[in-house]
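Which chain is which? They are A, B, C, D and E, in the order written, and residues in each are numbered from 1.
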């Protein structure tokens, strides 16, 4: 049911071929096939516990597929996170012991100073300037000297985005980045991320629970769901990509998709989801 | 053979051993060490047993201890040791105390708090002997020496066996009777300076320096000259009391201020008898080690003969150096 | 791959787990052999066969003097003291900790006192303890209590105070009075942290037990170690020390299992603890 | 109003704070008077004036033997040992704890060993310690280290492991290697918990210090108490005990303030700790 | 600016007269006047940190006004929480050590057994039945034996509501009760609370950040805001009731109100709000 409507123009940045992901007997994802071009904004939606985060983890490199291959620029995906892929989580985004500016400078320091992870003098000045520019870009110039715990939720997510972008990753992974924010702040963040995506030519994968968010931000939307369920052994079938839709600015959200999001994958998963909190 | 030039002497706080502290503080030990061109480090150890253990393990070359502990710890551990100086014997410094107006026979059936397997334990055995009781007639409760005085103030404790200064603290309390003390078995609890026999053979200088220092200290502290009083005041304070308290402790100690007396004691046949009793007591309490078949398992050499196994001599009383002090050959 | 990301396989992990112990055993054996070669009756680092003999003697042969099996007699009396001390401490810790945590008037009265007591090293006031509690079993149990009770009280107070205030408010809207809230809302919720705190203080409890037994006793694991120290019988001391470690480990494990079984709602929530 | 909701006023609270101490003082005075009436030379519960004399003697008059002011000499040498022991333990705890927490290979090797060591009561192996480390300063410092290091290591390991995995992942996406993550992400974040853990283990450190000084020392607070205990000189012992409590309190307070000043980001987050 | 449009028909259940709330120098709420009839559903909205929770705390009895009076049924408000007012918080709603059924029974046990707070035998049976009915009413009959940590977020809030309702309080206070729930579950909860409100004739006060929620559920909406702000001393002026609107089923959300919610009361409060999290 992989009715992709994206034209294959150039070498895809991500290619997923017949990927399965199992934990022991529990099949989480099955038969994933996907090809993503550089510069796409892929929204990922699906019921709670259906495997969205697992999918993102494979792109990040912290999980590897049980079967099948994932290619990055035609090469096998590295088994560890690295600078090619930036990430923004729903929570714990920034390092609490560094102020906003230091948080953003950290990435530069890592590459400039392999031994100490800290730079001084002129080098520091130039990193500082670059970081301040980035903070300005996400609208945090005034809060540069504040610690994360002195920032509101929205400001923390801006910081996390700035932190990820300063390493100029080719791919940006977002796991429910705005899930914890108030509605008003959320809208500002949508604007910000849309701008950054367009300006920098990023390839973005974003998980969201909010369908309208997924539709309004993405250039393409993936819906994960289990097409078959054995009620007695729900873990015997994994989720697949049941819809893969290219989006333009005008669109309506199909109610069938909304209902997919609202349900939870299985009763058991509902419990686990809650335990994760 | 291994000749060394630095040595370590351990001493613990006890009336008969305080002179070492004075000798160290006043420079007498250093003077004698210099004379023999060696270094002697005088180390204070608070825990008496620990000092002997360290000596046995090889941490010290010389250590002060009683005749019984010399037998049960280093000798029983296979460390051949020689008593170079006989400093004193307890002459009332150890005693059995009961609460109330009692006699020794009243001890029957009581709990007796003491440091188990120490000379106190031995003294109690001798005391019980004297009234035809045995250890089965009492119940021995092991109590650390540091806490004995406090323990005696509680109602749980009705009788103790201990040494000075604890003994005088306890007898100073109202309503107590000292029913037995070491003056009734004189010469059985002997305070010695032990040196590892092998070290001694390789380094007789150590024994010479220590013996020389010791008798110089003895000469200094004896009597009522200002110098002697100063010396004893210093010893008193180091042991946590005052001059009067220390002199009282000295009074119940038969110090061998003169080497002549010590050598005479060393050479008398009583010594071997005493050591025999001690060995039997130690064997009865399993102190000679699991390998010991009887009390004569460990050989003890004295000028008047050998007690026990001649093939396994681990404890020696050698008056050689004290004799040198008499002969002014040091 | 980054060092932090490389995880040993199951077999490899087992091997690594054992590695330091194997190294220690080898070092011991070499050192012991060297010493015994020099002095065959050296007692400091006994050979393995002396250990076996000593264990046989202490655990499986009646003592010549009393006819008792010493290891078991010692173990039973030590465990009795330990359990009594820890049990009473837990009880006091629970009652005072919860009262302090819930009731501002109690807290104002007792909290500074508990802090002050916790600052005083129990070993330093042994004479006072003897005089107040005598020299019998009571004083040994009391030493444990005085040593660990302040810690338990403060921990339980903290746990009580860190219960979400929403819960206490909600209970009040359900019509509960202070006593009922204490009994039905607070108490059951601080039991798992109590077990946890007890596990953490067991180490100290053993310390105080051994210290107490070293001072005055006629049997007990600590008593035996200190007594036997008088003739440096490491062949007995070392097995006793290991035995204490095994007992400590067992008690810790048992408490952990009890907590897991009795409070599933607690452990479901936070598996890591 | 429910008891749990009634809060004392500021003045009332102060009064309640002091109440138990006042009661204790009164009880002491009565008991002391009663004993002294019966036996004027009783040393167990000295009068207030004997305390004053003893303090005067120990703190403000030079010792006849050495010309030193004993209380200060004792304090300085005890504090030196304590700070050395605690400092080294903190350092070891930090290094091994972080390495254990971050690196699975390290953890597999060292974690079981640390657990095993933590189960052995240091008091039980005192003889071994003294034989291995001698009777000098080293052995006293080592006793503290062996006593508290396993606790610090385990706590730091736990803290490191409970850092949000998201942080470590994010640092990797920023291009950091293991060493850089350890240095710039983990280390600074476990320093405040380290200070906290050190505060909690200070009590044990004092215990071990006192135990160590009782066996081999020529000065120190624990040594003096031990020396004087055989004369039951409570007029010196009790002030020494209180002095130890004061020192313990000061050290705790200083550590708390250092932590507050040095790590504002930590304390802003969780005011309660 | 108190343009209430509610008709005063009978004795009001809550009457607030010239209430101010200050913490030291910081004026949080000022000049509050309000009269609420039994059976009203009052939605409360306002910027973050403007004092909504403080307002609810005064109704609950955990905070008392600095000036002015609050009357409950014409009597001064009791200074402690009690059975007349039930409450549902956003989080920590249920007692984690009791299963769902026990959680709901607890209220009954408190009144039946002053000494133990626990009942046995027949009494327990009847309480149990009552509690099961209540669980059925909120749709939790199947989860009666589960502990809260085994329940999803929505189920936990149902449980909290059941727990509050079983004491038959006259007033129900809700502080952002659905703020942490996913959109789909949120909708179910709206239905549930609407039904319960109508069926039981409750008086409800509900704080929400979601304006549409406030408008769709409430029979009356209060908007709190600071009409005046001194930028240098933001704490010198408190929030007031700037709108008090009676609602019918058809309504549009005025954009002016939406903007009030989206802003945060002051920069300083934004930090504090975050710290509360």
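Operating definition for what follows: a residue touches a chain if its C-beta (ideal position, glycine included) is under 8 Å from a C-beta of that chain, and two chains touch if they have at least 3 such contacts.
Given the structure is predicted, the values throughout are model-derived calculations rather than measurements.
The minimal number of chain-to-chain contact steps leading from subunit B to subunit E is 2. Common neighbours of subunit C and subunit D, listed by label, are A, B, E. The fewest steps needed to get from subunit B to subunit D, moving only between touching chains, is 1.
Which two chains touch most often is answered by the contact tally, and the pair is C-D. A separation of 80 Å divides the Cα centre of subunit A from that of subunit B.
Spacing of subunit C relative to subunit E, judged by their CA centroids, is 47 angstrom. Between subunit A and subunit E the centroid-to-centroid distance comes to 35 Å (mean Cα coordinates, whole Å). Each of residues 80, 149-150, 275 in subunit E touches at least two other chains. Residue positions 53, 57, 147, 149-150, 153 of subunit B each touch two or more of the other chains.
Within subunit D, residues 2, 44, 127, 131, 172, 177, 229, 232, 268-269 each touch two or more of the remaining chains.
Note for the complex: subunit A touches subunit C at residues 79-80, 275. Residue ranges on subunit C touching subunit D, taken from their complex, read 2-4, 6-8, 12-13, 16-17, 19-21, 44, 102-105, 108-113, 116, 118-128, 131, 151, 161-162, 168, 172, 177-178, 181-182, 203-204, 206-207, 210-211, 214, 221-222, 225, 229, 232, 234, 237, 240-241, 244-245, 248-249, 252, 272.
Those residues of subunit D lying in contact with subunit E across their complex are 1-2, 5, 268-269. Within the complex formed with subunit B, the subunit D residues making contact are 39, 41, 44, 63-65, 126-127, 130-131, 134-135, 213-218, 223, 226-233. Those residues of subunit D that touch subunit A in the shared complex are 164, 166-167, 169-177, 179-180, 183-185, 188-189, 263-266, 268-269.
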